[in-house]
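Each remark here refers to the structure printed beneath this line.
Order as written gives the chain letters A, B and C; numbering starts at 1 within each chain.
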Amino acid sequence: MKGSQDAVHRRGSAEHAQNMHEVAPLSPLSIVSLRKTYRDPMTLKPFTAVSDVTFELRRGEIFGLLGPNGAGKTTTIKLVLGLARPTSGSVLIDGRDPSDPNARRRLGYLPENPCFYDHLNAAEYLELVGELFGLDPNVRRHRSGGLMERLGLTPHVKKPLRKYSKGMTQRLGLVQALLNEPTLLVLDEPMSGLDPIGRAEVKQILREERSRGVTILLSSHVLAETESICDRVGILQNGRLLEVGAIPDLVRTGVREWEVVVDSVPEETASSLREMGHGLESAGSRTVIRVAEGTALQEVLARLTRLGIFVHAVEPRRETLEEHFVRALRGSQGAAL
Amino acid sequence: MSGTRDRLRGLAPFALAACLWCAASVVDAARGQSPSARTEELLYYPSGLWVRQAALGYETAAADLGWLRCIQYYGEHRMTDNRFDRIGHVTEVVSELDPLFLQPYVFGGFVLGQEMGRPVEGLALLRRGLERNPESWELAFETGFLYFVCFRDHAAAARYFALAGRLPGHPEYVDRFAAFAFQRAGEREMAILLWKRVLATGNKYMQDVARREIRRLGGDTA
Amino acid sequence: MRPVLAIARNTIREALRERVALIAVVFGLAMVLASQVLAPLALGEGKKIVTDFGLAGSSLLATLLAITLGTSLLYKEVERRTIYSVMAKPVRRTEFLVGKFLGLWSTGAALLVVTTLMVLAVLTVAYRDTPWVLAGSLALTLVEIGIVTSFVVFYSSFTTPGLAAFFTLTSIVAGHFAEDLLYFGTHGGTSAFGAATTVAYWVLPHLSVFNARGLVVHGVPVPPERLLFAAAYGLLYMGALLAAASAIFERREFR
């Protein structure tokens, strides 16, 4: 009897040990039923900025938090950072409450339109940031030198921050966000103030960080930029999370329409194409014919060939994130009505 | 731009202080030249207790301002009507603000007693000073002086001169004054004792004076 | 501790680079020199005039500096959102507040030391006397400025710069009348009034404890036991105010 009981106990222990190994590691950021209500200080009328938001980040992904102005993106970020306290619900950073300083030890944050101490220069500011993180001065010096180089700010390291342009300030913001080699990066409008080259450089940096296993939460208005870099997105409107998912899963994957690029089309043919429901528009010296569906495409191509019109290109067009975003918002507004 | 605004905001208290100082100077300069105008000014000098409260911890500086005003007041009236009606009040205010400040007692006592013919008030001021500064040879000496000159009370004067002679830091002439006063008061033994103290000083001239007075009193100069 | 010191250093840097502190030093020098101009009118009391005006001026300047710099400190951080980047670091709000306080106090203390040294320099050159006894008054004034600074930080943790300055000045003035309040409470009015004035007496800062100018100007040194008592009282009072400020600041949300 005892022998069989021992066997059961050993089997139970083995299963327990296996379960321990199988327990999912802590999410870098977990938000559950998050709610934030403010009260107007004069009228005391309540205003809900964030309502019942739930999502979880996967380690090593780039997650885009999207939404129009006033959707609750910045409030959500403040709740993540502990700058505001939730009315209800929870935020956990690697299993810790954001109010715990240790939760922020491996967190990097870039605020929207960052403003730093303009009585300092960049070197002094990064020295301060390093002290706040408790970094060894040699480590801080080495890292800040590398990051300033990476973001093209080395020539401006001794310049007072009050003389920094918007783009330079944005890039310095990224430097201070990366100084502690974070495992979670929270970026509020990271592309703001950057020219196209700057944006491309930042995107490259974010991809490099992702490849190192850094998890990134970014909020942005610029959907085209978000689409090219995010693994998953969440769409906020009026404080509510409408959708969460990978972009390919959210957007309509099928081809929406075809774009046929030709030099020019005779007016008679153009009118006829329009009557058939296809769109025509000039694109510089060329004309683009928008064909709604696949079967009609063959017909249009055959007709163009008969007319001897040279076809430069035939390209499929899928729904963009922006188009999906607008559709989701309109759908939400319709449902509300 | 906001940095400039912040700097300007930071400068504001100092600019305000500078403006107030300038305004006070202008008002001071614009006041009438007549002595009566200046008298009126000290007429409204507040009581010592009020000023002490209003000084908010800067009593000694306020006392100095009062002292400067007092000297100016005396100087202006010395050159005009020789009337110093407010001197007692001002010196009292100053001594309330800074009880350890000796000069207002001394100056006030002198002006009240010897220039204004109000020795009782002068004596009260000096005695108040002595109560607050029991180790001050100067106040004891000035009290003795007031008794000697104004009240012609040589015995009282002698006692205060002798007190001054027992207090630390007193100069040599204090003993001489005490000896002389005791002599005038008819207290021969005390006078001889004090002249002998003068003999012990290193001043040859004073030693000659002391020997002469001791012989006059019938004492032994050995 | 490192974040506290880093924030304190940053605050001192800000104070010096914003030039308010330097302007205060210039004002202090002007005040000391102006008192030396008045000295000949003092009928032999020139040394006292220079000492009194110098000590009073340095105390007043340090108080003004604490209020000017301190009231805009926290407000500017929140207004310009520089605080967001700092609070997103592993820094407790209390550490941030204490760092700001230490930076402010250090700036005021530096001003006090520099202006007191100026007074000593003028006295040494003009009167061939260096009254080191002034150090006792300096020590007490340093603690007093610490209390003023902690008031500034306390009020700044929940109100605007203008109101914080007003409340701080009111607290300082009320602190000078603390004993009188107790007197009025025990010698007149209802028992409720008496109780209220007694509470006020214990709550208000007894700033007269830190005023030894009336002693040192006459060459009387500050007794060591008074220094110890004043330091202990001052540190306790500062601690209480900072704890209250911290409790308020912990609950504050940044919109």
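Note that a contact is a pair of C-beta atoms (placed from the backbone, for glycine too) under 8 Å apart; a residue touches a chain by one contact, two chains touch by 3 or more.
Everything quoted here is computed from the prediction, not taken from an experiment.
Note: the chain lying farthest from chain B is A, by mean C-alpha position. With centres computed from CA atoms alone, C is the chain lying nearest the middle of all the protein shown.
Rounded to whole angstrom units, the spacing between the C-alpha centres of chain A and chain C is 49. The centroid of the Cα atoms in chain B and the matching centroid in chain C are 34 Å apart. One inter-chain figure worth recording: chain A and chain B are separated by 82 Å, centre to centre, where each centre is the mean of the chain's CA atoms. Residues of chain A in contact with two or more other chains: 119. Annotation for chain C: residues 18, 80 touch two or more other chains. Shown for chain B are the residues in touch with two or more other chains, namely 3. Residues 2-3, 6-7, 9-14, 17, 53, 56-61, 63-64, 67-68, 71-72, 98-101, 103, 107 of chain B touch chain C in their complex. Of all residues in chain A, only 38, 78, 81-85, 101-105, 107, 109, 111, 114-117, 119-120, 124, 128-129, 131-134, 173, 176, 186 touch chain C in the complex they form. Those residues of chain C that touch chain B in the complex are listed here as 18-20, 23-24, 27, 38, 41-45, 48-49, 52-53, 55-56, 59-60, 64, 67-69, 72, 76, 80, 161, 172-173, 176-177, 180, 207-208, 211, 213-215, 217-218, 220. Residue ranges of chain C in contact with chain A, taken from their complex: 2-3, 5-7, 9-10, 13-14, 17-18, 80-82, 84-92, 253-255.
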